[in-house]
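Below you'll find the structures, each written out as structure tokens.
Next come two complexes built around chain A: one with chain B, the other with chain C.
Coming up: the complex of A and B.
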């Protein structure tokens, strides 16, 4: 065994394997997120007394549900590290601090992808009026940009809240206002795709706004993440 | 009770000058000065809330000093934290291990963080603490003593020059204490800082003793100059 400067690629792989193993053995985040989304769709189904939503309403219901489910994942993102000392273990090592950011961002992205694999079909089954297949290509574009926004903001807020004693309160309190523009842009961008008269064209204006918002918060998160980890 | 500052001329592994740290309004550590030569052992004693753990976390680069000067392994902290991370082994109250992972998986993770190739050293350390047989079970299924043995492996995995030990034998039975002795005891040859509540025990293995009360230095002397009875006074 020989020691050298840790390679970012190797460290990232090790951190991602750790995240995967911890989640697969504890089921602390993804099942809660998925169950929450399906339950919420069922509640909307009965509350609205409709089973064929389309346009703005369909898009709004989908994105509000995904956003709240994502907040559950954001709250769990750093918990194992904070409670079991993984933060200190990482900080004691010479590994590049930004690798932790990448690993957490990719982990949250994986949470969201699994969530959407469950939530989108459930949404189509319980609430969506128009057929899902024609809408899917456009919806995937909106989901990708929306996920990017949730990932950068969620990673930033997760790192910010986890060292406080009120992280369960602080996480949603900070993340939800920051995620409002993501919700607004994604819901507006997704509405034509879920149109009652068939999937319409994606509105470029909302997609560009969402992409710019993602970019700005991506840069902010990258810039301040190391600072958040230190004392 | 003897007081003062020990002067050590050469090869200082630790140099603390007026080290101060507070948490908000509360002073955790005030004006602590001590030199520790490479290979020496500094024992830190004091009642609960004396600042012992804060001192260890400052030395480990996990906290930043609010006053004074701190040199660790020849580097000024916190400006050169990067230069000493990876050369320090910390064994504290928390094992810094993931409960859902096995001992081998935890050590594999830390090996990657420290740029180690392969898992030979992890295997050697697990064998040394008699944890090979349970090395693939999640830590949540192990006793606290077993987890502590794995934590010893984690702290030593990257062969650190400086060992920071906070009650290192907590949760260990006598047999396990014997197992870890060659790894973290005086025979390891490393510079060590040991936090303990056992004055008689640490006097036997320390070169210097630092007694803290409410963050301030009450005792600083060579271990040979002290007796355990005098150190018990720190706790009254």
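Coming up: the complex of A and C.
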């Protein structure tokens, strides 16, 4: 950073405030994601003809729903910047470019946290057989690691797809295959926690695999993100 | 130039493939359990290995493109991924046939290699649509390279993770090949791997030559018609090569494409 350039922390704060303000004014992502998740639970209820789910079925339904809802958020993540000159404004400023990556990643993480605040209780209420409270600590660990994976891949793919002519199609098409390992690990790790016979222990193998996947793709995203911002 | 010694390479490839097929059918013994069906192994496994290496090479070429900003690296990456996609369809088809023959089903979800291969194909299937959806050639090249790097890294990681998820069912051909395969199988397998790799390289060189020649043709046309006239380039998923015409004024150093 050259002298006179703003500190990264200041820029990050400003960008996050901007994201919050944009979302609070437009409500373009989070309400849709939350509503979508609840609707999907209803769909699963009718499609599976089940009133209560447990074990791997519960874990799978929860994660597929979260993933699809997250894809909605990923699609919206960069739209305002691409359409209303946010990228240009940022690139004209002397700020470090990777700060945009951090701010977008944190924004997506915030989207996901709000989504889960709605989706997890709704899931417990509508579909989950076993009680939520005993399962909650384990579930929170899995959710945190799963969110990290969605955040690193979603931020990269969102930026990659947003300036194409068919971004609404390309976003999910590119992100879903990349997210399959996240879904796989998270669903397997969450299955014993949501067991019908009480919450089982977390399978460490899947948590470690998921954490490694998050780490690797975090590094990849960090390495290539700047190249998406050059014009 | 990419066309250099291409004919010799093509003839070598043809000879190697012919030799492989002859040896696979007439010299290698039939498998004790699977019998004649096992012959598809000589096609399926090398195809899969070459496809995956091609995808990874596409990622490496994309790294080189981002480092050097040389459009030829983007073209290399594009042609590699494009070819590997074609080979990959072959892998899925031969894999399916083998699965039907030996396990009685066209598709088996408990088979990690098959499943991870499908995932990789699904991911790479978005490569051309991504390119096509970005009009500006420079940005298209840059974004495609970012995709190729990400996807190239996804190839090995994905294999590890999907393999973890299922019981070990697939014949472990890589790794313990020397332990499992008797001599003749081994010879034919490695020969087949070499000839399929040669086939990939030949096709890659052919496509590179053709793309390079048409870029040169375009440049010559532009030179003849004056600098301005050329109709706006059509929207395309194919990288735009910047080539110079020998002795021309089209810019760039003469013979920039001469080194392979």
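In the analysis below, the second predicted complex is superposed on the first by the 227 of 231 C-alpha atoms of A that agree within 3 Å, B and C clash if a C-alpha of one lies under 4 Å from a C-alpha of the other, contacts with A are read in each partner's own complex, and residues count from 1 in each chain.
The criterion applied here is as follows: a residue touches a chain if its C-beta (ideal position, glycine included) is under 8 Å from a C-beta of that chain, and two chains touch if they have at least 3 such contacts.
For clarity, every value in this text was computed on a predicted model and none was experimentally measured.
If we overlay the two complexes on their shared chain A, which of chain B and chain C does A:174 touch? Say first, second, both or neither.
In the superposition, A:174 touches chain C alone.
Looking at A:220, would you say it contacts chain B, chain C, both, or neither? Reply first, second, both or neither.
Second partner only, chain C.
With the two structures laid over each other on chain A, which partner does A:184 touch: chain B (first), chain C (second), both, or neither?
A:184 contacts chain C only, not chain B.
Should A:197 be classified as contacting the first partner (chain B), the second (chain C), both, or neither?
Neither partner.
So in the superposed three-chain picture, is A:231 touching just chain B, just chain C, both, or none of them (first/second/both/neither)?
both
Return first, second, both or neither, reflecting whether A:14 touches chain B, chain C, both chains, or no partner chain.
first
With both complexes superposed on chain A, which partner does A:165 reach: first (chain B), second (chain C), both or neither?
A:165 sits against chain C, while chain B stays out of touch.
Of the residues on chain A, which ones does chain B touch that chain C also touches?
In chain A, residues 230-231 are touched by chain B and also by chain C.
Which residues of chain B touch chain A in their complex?
Chain B reaches chain A through residues 60-64, 82, 85-86, 88, 90, 92, 94-101, 105, 108-122, 138, 154, 158-159.
Tell me, which parts of chain C touch chain A in their complex?
66, 119-120, 122-123, 125-126, 129-130, 133-136, 138-139, 142-143, 145-147, 149-150, 153-154, 157-158, 161-162, 164-165
Show me the residue ranges of chain A that touch chain C in the complex, using the header's touch definition.
Residues 156, 160-161, 163-167, 169-170, 173-174, 177-178, 180-181, 184-185, 188, 205, 209, 213, 216-217, 220, 223-224, 227-228, 230-231 of chain A touch chain C in their complex.
Hey, which residues of chain A end up touching chain B in the complex?
Contacts found on chain A: 1-7, 10-11, 13-15, 17-18, 21-22, 25-26, 80, 84-86, 88-95, 230-231.
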